[in-house]
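One chain, subunit A, links the two complexes that follow: it is found with subunit B in the first and with subunit C in the second.
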Partner chain A sequence: MEVSRFWRTTKQRYQLIGEVCGHCGTKIFPPRDVCPSCDLEAKTPFEFGGKGEVFSYSTIHQAPAGFEKYVPYTVALVKLEEGPLITAQLTDVDECDVKIGMPVEMVTRALREDGERGMLIYSYKFRPVMESKSI
Partner chain B sequence: MRDVSIIGVGQIPVAEHWDKSIREMGYLALSAAMRNAKVTVLDALYVGNMLSGELARQEHLGALIADFSGLRGVEAVKIEAACASGGAAMRMGYMAVASGLCNFVAVMGVEKMTDQQGPDITAGLAMAADGDYEALHGLSFVSINALLMRRYMHEYGYTKGDFANFAINAHANGVGNPNAMFRAPITFKAFSEAKSVADPINLLDSSPIADGAACAILAPTAIASEFSDKPIRVRASSIATDTVSLHDRREPLWLEAAALSASRAYDMAGVRASDISFFELHDAFTIMSALSLEAAGFAARGHGVRMAQDGSIGRTGKLPITTMGGLKARGHPVGATGMYQIAEVALQLREEAGPNQIANASLGMAQNIGGSGATVVTTILERIK
Partner chain C sequence: MRSNIPVGIVGYGSYVPRFRLPAQEVSDLWTDGNAVLPVREKSVPGLDEDVATMSIEAARNALKRARIMIPGQFNPKDIGAVWVGSESHPYAVKPTSTIVAESIGATPYTQAADWQFACKAGTEAFQASIGFVGSGMAKYALAIGMDAAQGRPGDALEYTAGAGGAAYLLGPISDSFVEIEASVSYVNDTPDFWRRQYEKFPEHAGRFTGEPAYFQHVTSAAQALFEGLGKGARDFDYFVCHQPNTRFPVKAGENLGFTMDQMAAGLLVNDIGNTYAGSCLIGLTAVLDKCKPGDRIMVVSFGSGAGSDAFSLKVTRLPSHNGVLCTHDYVRRRKVIDYAQYTRLKGNYRLT
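So, the complex of A and B:
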């Protein structure tokens, strides 16, 4: 991954920073500058809470170059509480236990190493929401 | 605007052409189409291709293939729209002839994939998706279709086996096509036991990686009969777009661009979905067949799979699809696929489809889909009687 590309998408990958439309209030992720709902300019940053549920998922057995050593891994469309869908890997869960509708939360994890001397690329992934234990 | 017809088609078999470079494959399809159309000069060549830079280590295909084919000097450019590149080249050629700027235009699709190894091809194909927000996270193109398939099964209550007939039908039709990559039938058992690629998509849901080239020659309908005994009229040609990433779609299970592209094509041709005699759809994966049938108006939402189950899609069914094997059995050399579809529709309408000939084929439609539905090209063709 190019260093500049890594740097310019850091806020999105580390903090789930998207946008909120000042005209219609739609929450937008990934950021896209023009609101997909009302087609007006939307540039106000908005930090998503990182909670959502699994909308769909797939376990990958044949990976693209750079991800071969991680197979099998599970990817998902996650419906965030604030509205948008996001594409991400699932983590800390066995593929057999994943269900559509399962509550998940964002965590920061390494996506992959970019070659022997390259960067370790971190990003959001989603894991099942840990049940809070009462004392 | 002028009426446009196809006066010739040419194709090479879809295969692993380790002995041929991309320029040779392009030349073979182009020269076959020019012979078929009985033309020796062209005003323009539009080359549909997705991944030549990445997988064949070669860009600048317009000039390269024009020169290699003895057409030095001709207007020639590459057209790219992911897996819809071939169909997009057809659209550009159509506009060139319809506008009156060009008389004889070759529209080609060509792709050389098998020089590279699996993971590099998988990474290349993922470029049809959103680089920063899908591919970066390790999603393969197959897995994006798998997300659609899983959700479809969940919302409409299907099991994986319900999709089998799309693949079985395609393979049955591949048997009779000399240009198909796979010419052997498959069984439900083989489908059920096939190895998983990206769950729930297995090997027999998926079209194969391949090399190929197909081409058509376009000319004004007014002079088409001087060049061809069986000119094929382009009744409609349209392209529509949607978001590249699945997560940005309003409704992931509704291919908005496919619906838009099809409805524009129906309007242009002045026909309805029920007037179409057969449909070469973009069966890159079984789920795409279901979604295309729904978006193009042949099935209600969630009912696309039923057309495979009830036999509607066979060669003698209500709406034959993938009549020459489709992407699944003919093969899917990505940027070439859209032009294979056009060539196959033309062969059916010319009654030159051999053992796969459909009875009473009068109006044929091809739909070529780029990415998970971000670019969709629809073409409606008709035999001039």
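So, the complex of A and C:
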């Protein structure tokens, strides 16, 4: 049971809330309270816009425990518009359509469940950017 | 019913998953292709989608529109209630609404609750939001109707039980582009459809779900609203009704005096199936995507068990979308699947 671990990261998983360094302006995700650029304290919350592009990706066929039902699924390094490079699953896309440089946007989706009786874990994933063509 | 303080729609948003199961697939498997198809196809949620995730996306679209309508002034901390109506909440015990509220930044000083009244749960939340805002207890309230509906393999409902819905941010009339003129709720104990505790699939009373349930409640609520307002079908530009199949809403509309010209814009069931608690609410989003100031809209839900909520809405300002996804953006995004893929997505294969 990892309830407390997931509870502590709710805001970063649901809303993509990281931090911004008050000294050099670097945007940080996931939050770590120390700026990776200037090594000074950085605790100011910052909500990322959720847009980025695929930096690299790999498709998983042998999944770790808890992810078996999603096989095959694609995990990507996503370069966020604000700078950080983060690891996340891609969703709403077929593997053959994934390209490096593809614009993606964050959505909140089910990540896995802690067994049949355990909690449901939701997190950020990225999908190809949907453009409005209606108006 | 009217609130003491005028209430309107400040923002709205919809969501439909991308997978589609043609009804012909169901018919081919269970009836040798001989069934009369109640819809062309239905939407099916992906493996990582449920009522919580779909509600979050619809809510985010609603908030994006609110930010456009009241630039620089909207703060999600002013949302006094996040209410999710559904009959397929991911947990039996634990609110969907707190997941949604956390995801849109409305926590912690907000009301949050899950509503249940079969397919009427969404408009129940909408009706309660009118009261919450209209009494002055909250500046804004978010009402969501969303479902990932279940149909027993081979049952009539399997052709239509779809996924999707809509979110509505209600608020003061000064921030709104749609005024809620009046509403009526009409309920009694009519057991036409139910799902018992711990059961995976619902049961229904076959043809009994028509006249004594759907048509009686929809018609009674709509006629009570007509009488209360002193209006008739010709006073409305659009009519949106609960859509369990393609036939029921059209027949109900015609019985009330509406024409296809008034109904077509809000009829989505042929493309996405029956989205249960989301059904008439997502139909309304398709109307709002194309409405203009002065338009008057009647919306009538139906929930088994049974009851209907009827609303009269008047468009007061042209909604600005500015890139926010519209309902037909989601309807057009479609990947057709076969029955085997559908069975996997619904979790009906045993992997071990």
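As a convention for this text, the second predicted complex is superposed on the first by the 132 of 135 C-alpha atoms of A that agree within 3 Å, B and C clash if a C-alpha of one lies under 4 Å from a C-alpha of the other, contacts with A are read in each partner's own complex, and residues count from 1 in each chain.
Criterion: contacts are C-beta pairs under 8 Å (C-beta built on N, C-alpha and C of every residue); 3 or more make two chains touch, one makes a residue touch a chain.
Quick caveat, the model's predicted, so the values are computed rather than measured.
Trainee: Examine A:56 and indicate which partner it touches, taking first as subunit B and second as subunit C; both and neither are also allowed.
Mentor: first
Trainee: Examine A:76 and indicate which partner it touches, taking first as subunit B and second as subunit C; both and neither are also allowed.
Mentor: First partner only, subunit B.
Trainee: Identify the partner contact of A:68: answer first if only subunit B is touched, second if only subunit C is, both if each is, neither if none is.
Mentor: both
Trainee: Figure out whether A:111 sits in contact with subunit B (first) or subunit C (second), or with both, or with neither.
Mentor: Both: A:111 reaches subunit B and subunit C.
Trainee: Between subunit C and subunit B, which one touches more residues of subunit A when both complexes sit on the common chain A?
Mentor: B
Trainee: Given the touch rule stated above, what does A:30 touch, subunit B (first), subunit C (second), both, or neither?
Mentor: So A:30 only meets subunit B here.
Trainee: Output check: A:84 vs subunit B and subunit C. Expected answer is one of first, second, both, neither. What do you get?
Mentor: A:84 sits against subunit B, while subunit C stays out of touch.
Trainee: Touching subunit B in one complex and subunit C in the other: list those residues of subunit A.
Mentor: 68, 70, 89, 111
Trainee: Write out the stretch or stretches of subunit B touching subunit A in their complex.
Mentor: 118-120, 122-123, 125-126, 130, 132-140, 142-143, 146-148, 150-151, 154, 195-201, 243, 245-249, 252
Trainee: Quick check on the complex: what are the subunit C residues that touch subunit A?
Mentor: Residues in contact with subunit A: 18, 46-50, 52-53, 56-57, 90-91, 99, 102-103, 105, 289, 321, 323-329, 332-333, 347, 351.
Trainee: Which residues of subunit A touch subunit B once you look at their complex with the stated criterion?
Mentor: It comes out as residues 1, 5, 9, 12, 30, 32, 36, 55-68, 70, 73, 75-77, 84-89, 95, 100, 111-112, 121, 123.
Trainee: Which bits of subunit A are touching subunit C when the two form their complex?
Mentor: 10-11, 14-15, 47, 68-70, 89, 91-92, 107-111, 120, 122, 125, 130-135
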